[in-house]
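Next up: some structures, all given as structure tokens.
Each of the two complexes below includes chain A, the first together with chain B, the second together with chain C.
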Partner chain A sequence: MKYNPVTHAIVEKLKEICGENYVFTDPEKLEPYSHDETPAEQFSHLPEVVVMPIKTEQISQIMKLANKNKIPVTPRGAGSGLSGGAIPVCGGIIVSLEKMNKILEIDTQNMMVTLEPGVITNEVNEKIEELGLFFAGYPMSVETCFIGGNLAENAGGGRAVKYGVTDRYIMGIEVVLPDGEIITLGGKRVKDVTGYNLKQLFIGSEGTLGIITRVIIKLLPLPSAKVDLLVLFKDIKQAISLVPKIMTETRIIPTSIEFMDQLSVQSSCEYLNEHLPYQDAGAMLLIEVDGNSQKEVEREAEIIGELCLKHNALEVYVADNYTTQERVWAVRRNIAEAFKVVSPQQSLEDIVVPISVIAEVVEEIQAIAKKYDILIPCYGHAGDGNLHATLVKNPDHSYQKWLEIEHGVLMDLYRLVKAKGGTISGEHGIGSKRKDYLSMVCSETEIKVMKKIKEAIDPNNIMNPGKIFK
Partner chain B sequence: MKYNPVTHAIVEKLKEICGENYVFTDPEKLEPYSHDETPAEQFSHLPEVVVMPIKTEQISQIMKLANKNKIPVTPRGAGSGLSGGAIPVCGGIIVSLEKMNKILEIDTQNMMVTLEPGVITNEVNEKIEELGLFFAGYPMSVETCFIGGNLAENAGGGRAVKYGVTDRYIMGIEVVLPDGEIITLGGKRVKDVTGYNLKQLFIGSEGTLGIITRVIIKLLPLPSAKVDLLVLFKDIKQAISLVPKIMTETRIIPTSIEFMDQLSVQSSCEYLNEHLPYQDAGAMLLIEVDGNSQKEVEREAEIIGELCLKHNALEVYVADNYTTQERVWAVRRNIAEAFKVVSPQQSLEDIVVPISVIAEVVEEIQAIAKKYDILIPCYGHAGDGNLHATLVKNPDHSYQKWLEIEHGVLMDLYRLVKAKGGTISGEHGIGSKRKDYLSMVCSETEIKVMKKIKEAIDPNNIMNPGKIFK
Partner chain C sequence: MKIIVPIKQVPETSRVKINEETGTIIRDGVENIINPLDLYAIESAIQLRENNGGSITVISMGPPKAETALREAIAMGADQAILITGREFAGSDTWSTAYALSALIENIKPYDLVITGERATDGDTGQVGPGIASFLNLPLSTYTGKIETVNKDHIIVQRLIEEGYERLQLPLPALLTVVKEIAYPRLPTLRGKQKARTIDIPINSGKDIKVKEEELGLKGSPTRVVRIYRPQVTRKGTILQVKDEKTLAESVDKLISFLKEKKIVSF
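Entry: the complex of A and B
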């Protein structure tokens, strides 16, 4: 597919649509839009122009213009993605949703909010907290990520064990299609089987089928009580093999079961200048239980704590107040940032496997690390079988060697994941980072069906090209 | 689209594929496959042949044969659908899944079951109950419906307020495509963002995109405690206007909030020879709360009961033992059956609206009933805004008049629903029953996108044709 360049005439037309002050072509203004949070330089690419529409109709006109002129368009939220989804790898137009950042409605009767895509996720929860409500489907990057990006990637996060991921809470969306037409899917109704589930098709399609311009989200009553347990283990295997048991033996579904190995905890603690009691521990689980009765939540936490001690936990620390809970969770949330400081040459992975096999998968990952003489610290959402194995360059290796090794490690890792019934991304997406590996976990037929759908909706392939598919 | 007939040669080939004893062409054997549970004769249509494959590979061969020869294929589960989805309206081949009825695996480690599509839904829950697990996504017809049909329709049910509907629990599916290719989507993993969410596209596609041949379902720990409240009100409005308040004022999400008007309760009680204390009540709510602590569940039921009494409930009956709970729920579950006895000329509707407006919608439905001089009793899943308004022929009207009236009532009803932000089906599907009305609630663009997807996956339109689209 050959694309046309963004000519001066196209830029002028974009200015007519969005206004002069909302269209940028200066190289220094374009640079921040050339990458996301994927920690690797090889994925970056400059757009030719960045536009910042403030309403759906403008986006419709932009898409009509781009479609007619065969110019690639990449929608972009906060740029906090981890698979290169918002990077304009074919150049063209970036449609930044940062100016479409209004909370349009808080509907307490239906317990729903209507948002523009550029709203920062945390902003919603802060606004509705006083109403005793919350949005349960948010990812770890809650302080920076935009709602629109969460939908585009179907973001996961740390509460998915109990609450599921983003898509569970999305009741309705408005989307601008590649040809500029606007559709509204779903609405303020919690059941809907009217034709195909197009809403779910657009969610998680990584901006390759259209631009989400409005979102209706279902809220839940905010649980009034929660307890966090920080559980220390001698080694990784003991920690991780306990994960399925927590649910099968206690029959309690915790809000979160997060896993951190020693290196993850150390790095994050150093980064934050924090001191957790991690000295002797080879691994930790961070387990949260929530509910509407403090007593009941404490009872459940106690049952889980006892199970942990029965299964060789070194220590169970209880965090039952806000300050301590925040401290512990900050360590977990900042691991990725901390690793970036340790080494900018790394590959943050996002594998997911059946929870029954996570213990053996973590063991085999350590064998892969040994084989290539690199470190692969692990942390992540163990309760979902979703682990952020992070390939970190050996400081003794050259950059060239790292690039060679990286591919080999990823092949080994993805082969392992496939063999164990897992897949290569649980929440970060395929984007440009993993598109060469999609065929390792999806069959030829599955990819063929996906491509047929892409072609049916975007025949000119202008909508975020170079993502998902090779 | 012209289809070819099922010739003698085709029947012979089907016998080669499935074996002589699994292919039927006798008219009396075909008759039961000419209708589902949609209560109206005008929807029935005979197939030309019924085949009963026992494995996926046979279905693949059937589809290849049908696709090559342009013969329509209609997949069929238990035939308990309520929108004509399993009726072969273009003739051709019925692929009945009734012989593919094995529970293939119960995986307690991952809390998942793997099933063939012909398994009866209740069978699963009975098998796993002793393991302390349950499948939370099942519909009211749990004693007859097949798992495959639940997926095809994305069945809802009475527990959706808390637990959501079928699709939330479907981790993986195997599907035979219209061209006979077999794909596996998802697997034993609770997070997965590897490419487009094809799994969700097939779920609820009413058998028009492929035949689901295997299903992996996520289970939950069976709650150890539940309490049902049967709450009596003077009139419909008082009952239904309380529904959103239960969630917004108590911040408790009950398992179920079911609504029954007087006629529904009376009819079902007479049908079952049951006696509920309904004499003075114009309407009832049946509210269920469940959890893992009897005390906590009782506390929540008490809070809800008090709210009901504060808002004019005549009486709150507590059903806290299995026998009483079963009696009350049997009345709710048998309303549809009871109405069929009252009048075979009826239209069982499945509208869904935002819960904030259900009270006014129910009022306006009564105005529509008055306008056409018929009865429209209402019952259903009020907690989801999902109401089974049932148009019942006035015994004084001729059958011809009923047919004329029916269309007018449906137009008025669907216009009302659309105006209130709702849609025409919450759980029964579009099928052949509602396809002429799809454009009343879906935009031209939305239908166009659905059709493009249908054409991309089934270019010969042989897969359950005559459903969803006009």
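Entry: the complex of A and C
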């Protein structure tokens, strides 16, 4: 597909739509919009123009303009994505949703809030905390990411064991289609089987089908009590093999079961200047239980803690107040950032497997690491079977060699997860980063159906092109 | 070696909201925690006990719910805890608090060392530690950053001062107030929590410690909180405008001479 460049005339029209101050083309201002959290050297691409609309109608006009002139449009939230979803790989227009950041309505009767897509996810929870409500989505970038991006990627995160992922809480959306038409899907209805579930189609569509401009999310009563356990194990195998047992043996569903190997903990601790006793611990689990009775939550935490000690945990630490909980969670949340400091050349993976096989998968990943002579530290949402194995470049290897190795490791890794009943992305998405590997886990027919849907909604292929499909 | 660690329960201030009219903290729904800087005192005590044997008693003066803070300290590794609580203590300032705590410490002697945090994150005065030392006539090292050696009759420490460190040798018993760099506080353990849940924490009132009733609480406090307000920040930044090559060079020169003036760079 050949696209048309963004001409001076197009820029002028965009300025007419959005106002002079909300459109820019100076290269230094474009640069921050050329990458997300994937390594820039490998995946970045400059847009030709960035526009910052403040209302849906403007986005509709932008899309009409772009569709008519065959100019690619890439919607962008906070740019905290991990698969290149917000990168304008074909150039064209970036529609940044950063100015559409209002909480439009807090509806306590229905326990729902209506948001613009540029609201920072954590802000929602800060705003509604005093009402005793919360939004259960909890991506690790919760302090920076936008709700619109959470939807576009169907973000998962640290509470999915108990609360599921973003889509469970999305009641309604407003979307601007590639031709500029505006549609609303769903609403404040708990049940709805009127026709195809188009709302679901847009959630996790990685910005390839339209731009989400308004969101209604469901809230839950905020649990009044939670306890975190930080459990140290001698090695990875002991830690990870306990993960399914936590649920099968205690019959307690924790909010989170997070896994971190030694290198992950060490890197994050050094990055944060935190001191957890990781020296003798090959791996750690971070387990959270929540509920509405402090006593009951403590009892559940104790049962899980005892199970861990029975299975050779070296130590079980308990965090039952905000300060201590923040301390342990900060270590988990900052691992990805920390690795970037260690080596900017890396590949943060997002594999997901049935939790019953997670221990064998982790073991085989270490064998792959050995074969290619690189480090593959592992951490992630073990309770969901979702692991962020991170391929880190060996400093002795050249960049060219690293690219070869990266491809080889990914082929081996993806073959492994496919064989174990897993897939290549649990929550980060395919984007531009993994599109070459989609056919390893999706059948030809499956991909054909997806492409037909894409063609039906975006016949000119201007909506975030270069993503998901080769 | 017997170590006493006075601690304070404070509101969790990282998320705290302020009543703009009265200038006071809105305490509804705010979690209460061990004063974060006291964690360093507890950790230092635990490390001393690990290396030299002995026992650690944590003490606190506060409302009955301050018991939670003491139990948390037990969960981290302290051996026992004592709480002083009662209406007679309400409204105590730093002088009166130090007076009551020192009376309790006097009550449970002998001891070798008293360790406190540098200050509490709510009152922010840093006076109670030195106040206790004064009442008990103990040698004092404030802002202690490192404990070098300790034996049965003295301790050698380094205390942080503006230009570096001061090395002190103090005869025991002594009092140290410690700063963050002294140690990394450990997390409470499950076994510690289990112990903390069941341990008996003696509760002392004004009658149990030898104190003069009239020196306690608001009436015994020589200082008063008259008004709390937010200080206005008057600092203003200077912006050096760069329009062309010439103003660029001028701006850089101005910046360098400013940094030199402030002794931030010297060349």
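Heads up, the rule we're going with is that the second predicted complex is superposed on the first by the 469 of 470 C-alpha atoms of A that agree within 3 Å, B and C clash if a C-alpha of one lies under 4 Å from a C-alpha of the other, contacts with A are read in each partner's own complex, and residues count from 1 in each chain.
To be clear about the criterion, contacts are C-beta pairs under 8 Å (C-beta built on N, C-alpha and C of every residue); 3 or more make two chains touch, one makes a residue touch a chain.
Just so we're clear, the structure is a prediction, and the values are computed from it rather than from any experiment.
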According to the stated criteria, A:292 is in contact with first (chain B), second (chain C), both, or neither; which is it?
first
Of the partners chain B and chain C, which touch A:229 in the superposed model: first, second, both, neither?
second
Of chain B and chain C, which one touches more residues of chain A?
B
In the superposed arrangement, does A:115 touch chain B (first), chain C (second), both or neither?
neither
Taking the superposition on A as described, I'd like to know which of chain B and chain C A:309 touches: first, second, both or neither.
second
After the superposition on A, what does A:198 contact: first (chain B), second (chain C), both or neither?
first
A:321 in the overlay: touching chain B, chain C, both, or neither? Say first, second, both or neither.
second
Between chain B and chain C, whom does A:275 touch in the aligned arrangement: first, second, both, or neither?
second
Which of the residues in chain A end up touching chain C in this complex?
130, 229-230, 274-277, 302, 305-306, 309, 315-324, 326-328
Residue set of chain B touching chain A in the complex reads 107-111, 132, 153-154, 156, 160-161, 164-165, 167-168, 177, 181-185, 187-198, 200-201, 203-205, 209, 220-222, 224, 244, 247-248, 251-253, 292-293, 296, 299-300, 352-356, 381, 384-386, 421-430, 438, 441-443, 445-447, 449-450, 452-457, 468
Complex interface listing, chain C residues touching chain A
12, 14-15, 29, 31, 33, 36, 72, 75, 184, 186-194
